[in-house]
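One structure is given below, encoded as structure tokens.
Chain nomenclature is as follows: A, B, C and D, assigned in order of appearance, with residue numbering initiated at 1 for each chain independently.
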Amino acid sequence: MARRGVIVLDPYPRALDLIFTPEDRARLEALGPVVWHDGPPLTDEQVDERLAGAVAIVGQTSLPKERLDRAPLLRAVVNVEGNFLPNVDYEECFRRGIHVLCIAPVFAQAVAELALGLALAAARDIPRGDAEIRAGAESLYDEGVNHGSFLLSGKTLGLVGCGNLGRALLPLLRPFRGEILVHDPWLQDAVVRGLGATPAGLDEVFVRSRVVFLLSAVTTENEGLIGASHFAAMARGSVVVLASRAAVVDWHALLDAAESGHVKVATDVFPEEPIPADERARGVAGTVLSAHRAGNIPEIWPVVGGMVVDDLDWILRGLPPQRLTRAQPETVARFRSKPVG
Amino acid sequence: MARRGVIVLDPYPRALDLIFTPEDRARLEALGPVVWHDGPPLTDEQVDERLAGAVAIVGQTSLPKERLDRAPLLRAVVNVEGNFLPNVDYEECFRRGIHVLCIAPVFAQAVAELALGLALAAARDIPRGDAEIRAGAESLYDEGVNHGSFLLSGKTLGLVGCGNLGRALLPLLRPFRGEILVHDPWLQDAVVRGLGATPAGLDEVFVRSRVVFLLSAVTTENEGLIGASHFAAMARGSVVVLASRAAVVDWHALLDAAESGHVKVATDVFPEEPIPADERARGVAGTVLSAHRAGNIPEIWPVVGGMVVDDLDWILRGLPPQRLTRAQPETVARFRSKPVG
Amino acid sequence: MARRGVIVLDPYPRALDLIFTPEDRARLEALGPVVWHDGPPLTDEQVDERLAGAVAIVGQTSLPKERLDRAPLLRAVVNVEGNFLPNVDYEECFRRGIHVLCIAPVFAQAVAELALGLALAAARDIPRGDAEIRAGAESLYDEGVNHGSFLLSGKTLGLVGCGNLGRALLPLLRPFRGEILVHDPWLQDAVVRGLGATPAGLDEVFVRSRVVFLLSAVTTENEGLIGASHFAAMARGSVVVLASRAAVVDWHALLDAAESGHVKVATDVFPEEPIPADERARGVAGTVLSAHRAGNIPEIWPVVGGMVVDDLDWILRGLPPQRLTRAQPETVARFRSKPVG
Amino acid sequence: MARRGVIVLDPYPRALDLIFTPEDRARLEALGPVVWHDGPPLTDEQVDERLAGAVAIVGQTSLPKERLDRAPLLRAVVNVEGNFLPNVDYEECFRRGIHVLCIAPVFAQAVAELALGLALAAARDIPRGDAEIRAGAESLYDEGVNHGSFLLSGKTLGLVGCGNLGRALLPLLRPFRGEILVHDPWLQDAVVRGLGATPAGLDEVFVRSRVVFLLSAVTTENEGLIGASHFAAMARGSVVVLASRAAVVDWHALLDAAESGHVKVATDVFPEEPIPADERARGVAGTVLSAHRAGNIPEIWPVVGGMVVDDLDWILRGLPPQRLTRAQPETVARFRSKPVG
């Protein structure tokens, strides 16, 4: 019965063709009636009209309690974003057994690969080396060209945050064979050890790691938490890779640390995006800069559709979703990461 | 008796302090009398004086047969270079059971890490992205900033050459979980399979791989072997990483392929080094350039001393060397890679 | 406030000293008031008295809705068993946000190791070989002593069921480097691929695998599902390892397949346990028999206490549990595995 | 020219059909003229007749210097055994650049799998458990049936000897995630570390490991080296797996340690083979016994032919052999392992 409810697709700002292959469209239609909506989001009236029959809503639709009250068949809400937004009454959803899901995992591999690429780029000064050759200013082989370069192999590496991103990065770091420290206040020590890593305090991660990867979502608990004292505690010439959101660090302290030459910094994110013309980082040496390009690469988008169809299929067959991230009652209200502008 | 022979150290252009820690010096002296020589190489006369008592020579000393005839105690020759030079009578050494060794393995991890770093830098356009931000010219998040970026995960990756460098790189590539093709005419198929890779013809590597790593030493058989047809056979937007010696490729064909936008190229080596001012690559887009910086990073040099002492210790105790590369009768005469200028 | 609720421990048939180290006792008491109860379970009256103040109940306590109604502080129920029992009103718990947990994961590593041990024991006829030497009846080296023995390396291996047990077994099987097939109707294909395995139909697993591991819990959907046709489809001399519950197979068909010599069978479980004196398997050749010894080994029990305390700590701090298995609304009612007698 | 020399096959006690598939026969014949000889070895006269033309001899042919003097084309000698025998003048072969090879690596995977199987069989008492059920004497689930069983996961494991066998075993042990100690007096510490293990003294291996695998060939230096003090140093209930040759241990001390209940022992080898009727081990509890069945399993024999053809192909093409083990000047004279009777 519920199975005959309607699946409402309203995934703005993602275009339907971006995220659904023809095969995934066909698979989705095999699950039941589907409302395909492209372009600007459904108006409030259009949403309201569809609530009564909706078994699933895919999009960033506002869902306060009064809307949920009018959606008796609703079993799943899929936000086509990497973060949960505050426009859904999560408590009410949990009470009703409605799954609220987001597509965070689809970005993880792409972010992990760029994070490793940035770490190697910083450790080996790849962009600077490239720029020097283009400027005709490279150093010679035996004249300190590699002063400041170091191997990742055998070094202690640190992760701050170990959710989707950290778990995608860990396998890429293991062949370097050093100890891997993980600081994540939401992960039990035994779980960290089960991942093959060593649980560590935040300070310890900075003191002991030759490369620190900052991968944590912004929460009510960690905004601006990482600052000058952490960078100062690192061994000189170490690397900080920032791959989640700029709000987890004291941005100017990070740039100061790079500018002073104490650490090398690679960042994919900025406090304000698009990056303002006068963003200080543009002129700071000792940094590798990337314009929020970690997750958003072309080949991931068609994967989104597959994940959405797989999980809707599962939910409509009476099984729990497996690929998308589920909002959890304990944590969903604490996230503060913002969508990319 | 032989054990009391003299170990002659003459490792120019490496300085003794660069390659020997105090601990390794002490370990070496515990093996028997040592002649430590720093600075410009020993003169011919100085070498000749030391031949009669030498049990091991560490350096790039010329050793034709007539010198070997005067070195009855000699059991090991260690070239403190990554390649075997033509100034030793290898056949005579093999006949006498003298080990001829070089330090190639010490560079392998450093080259492998840079090769992976260059692959990620090219696949994700890291240096270009960095340069664009510094120039205030970056694209916006949803406006094709990542057009051309791709994941290594799940992609077929290819190696041309699988000696020390390839074997160090393979573990770093495995977590990307794609098939790994290896073309190496000196490796049996079963050995390649034993490494967890798929043996492949040279053409097949280019046709099927999204990233091709060129890692083979220059030999009498492969100079300039890789050219325009190979690059043309790659899928558009694929990556070539050149990390061994420029002489294995047709250099202008490689630059043409990058310049046309058909492939992305990352190279650590150049036909002439130091790189001439008018080297064409300096102005070619679609490339990541690195000034022969792959192997020569500060932290590897003290490892050299440890390897040398370990293997001399083993040889003097009547066991085979284990860490340095041994010249092999079948292949030593075929190498043509030159030392870095 | 809720945090000051009482943690009620009533883990019969597990003794408190078996599962709680002194350190875990102290950690638990640091979380709030604890009622420690050993020996036979609390009487109904004793349970009822404790409901009003209970924030967590650890044990196999019956919890119908009317009891939940009287337990307003309750946030967690921990069954100290490997399976969920039908004596809890799960729907009501989900509605109230009460976590219902069981200790299934604690057994996984022990079962996985025994499953691999049984597979090797069967593939190499270890118990039979041992018995023959003790009886003075072993074959000689070159006289077919190993007729029927085979390597796991490079062979296709199959898993039926891939929950806790399968996920613990997969890493142990990977170094054998063959393809690993997984049949699990509750797992999406993409999830199976993410585990590094190949999703497969039930029949395909038997047709293609040299060793099939039966690891699925008994559910409403799979009782007796695996029978004569599956075993007949296997290549002669292949191995079936049964490590979850006997009810998933047609027991006599399994023994027939072993008795005929078509497959070798290793089983840790029996249709009736303790094993009746006249159990047919006792006399069937071609089997390796184990008296439900896979999970229950001494060293796992103190781990149980650590898992329980970790997850209660997390729940009381407002974070989701991480180590114990959570009952899921979609699946909890479908389980039929019985506790060991 | 040499390439037209004759390949002489005289692999008794291996039958040609056992080790050569039709494909490998054809590949071998493509290399040049071949003398195929089956059954009892060639007589001295027959050998002598073939020396002048032989480019390779595959078999256990005696090759003293005076025969080598009559074999000017000879470039390879392949012993179709796991060990080098004293019937070849190795020094003369080395002087002449003749490769002397044996098939040791072909057994490594089979021995490694059985060694792991024996370790799990002993750690979990699999054969005893099987025998008890057959005898109607098994213990019940909650009555100590698993007293004495332990997990390998997380435990320190030790290897004595780390040649072909150890290197095949290491990958199988890694997923258990404990530290792996290696004692091998012929391996440098850095090489052991490169294998992902910890170098350790012989005593330390026994003191610290929960399972010790004895994998070393018998040499002039280790006959009977491991004895009562080593077993006594192990933690009670630990396991010794003997998988190479009995001569490396004090056999009665090993059985005493098992009989006393201090350690559990699993052995594939015996001081005398075939095992004498009155071999004491037949009646010793606390042991798992296997009649030298580790390496000799049916599927390995056709692999031998492939290895031999691959390496002869390589040698005749002027490249070094890669799959068979080469005799080394430093160590070949020290081996004392005997062929299996």
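The rule is short, and it goes like this: a residue touches a chain if its C-beta (ideal position, glycine included) is under 8 Å from a C-beta of that chain, and two chains touch if they have at least 3 such contacts.
Note that the structure is a prediction, hence the values are computed from the model and not measured.
A.B. asks: Can you name the chains that touch subunit A as well as subunit C?
C.D. replies: Intersection of subunit A and subunit C contact lists gives nothing.
A.B. asks: Go ahead and align subunit A to its copy subunit D using Cα positions, then give the rotation in degrees, nearest 5.
C.D. replies: 180
A.B. asks: Could you find the chain whose CA centre sits the greatest distance from that of subunit B?
C.D. replies: Here the answer is chain C, farthest from subunit B.
A.B. asks: Averaging over Cα atoms per chain, report the distance between subunit A and subunit D in Å.
C.D. replies: Roughly 50 Å separates the two chain centres.
A.B. asks: Using mean CA coordinates as chain centres, what's the subunit C-subunit D distance in Å?
C.D. replies: Once rounded, the distance between the two centres reads 37 Å.
A.B. asks: Identify all positions of subunit A at which a residue touches two or more other chains, and write them in rising order.
C.D. replies: In subunit A, no residue touches at least two other chains, as defined above.
A.B. asks: Report the complete set of touching chain pairs.
C.D. replies: A-B, A-C, B-D, C-D
A.B. asks: Write out the stretch or stretches of subunit D touching subunit C in their complex.
C.D. replies: Answer in residue numbers: 13, 109-110, 113-114, 116-118, 120-121, 123-124, 126-127, 129-134, 136, 138-142, 145-147, 149-153, 171-172, 174-176, 273-275, 277, 281-283, 288-293, 296-300, 340-341.
A.B. asks: Which of the residues in subunit C end up touching subunit A in this complex?
C.D. replies: 94-95, 97, 186-188, 190-191, 306-307, 310, 314, 318-320, 322-323, 328-331
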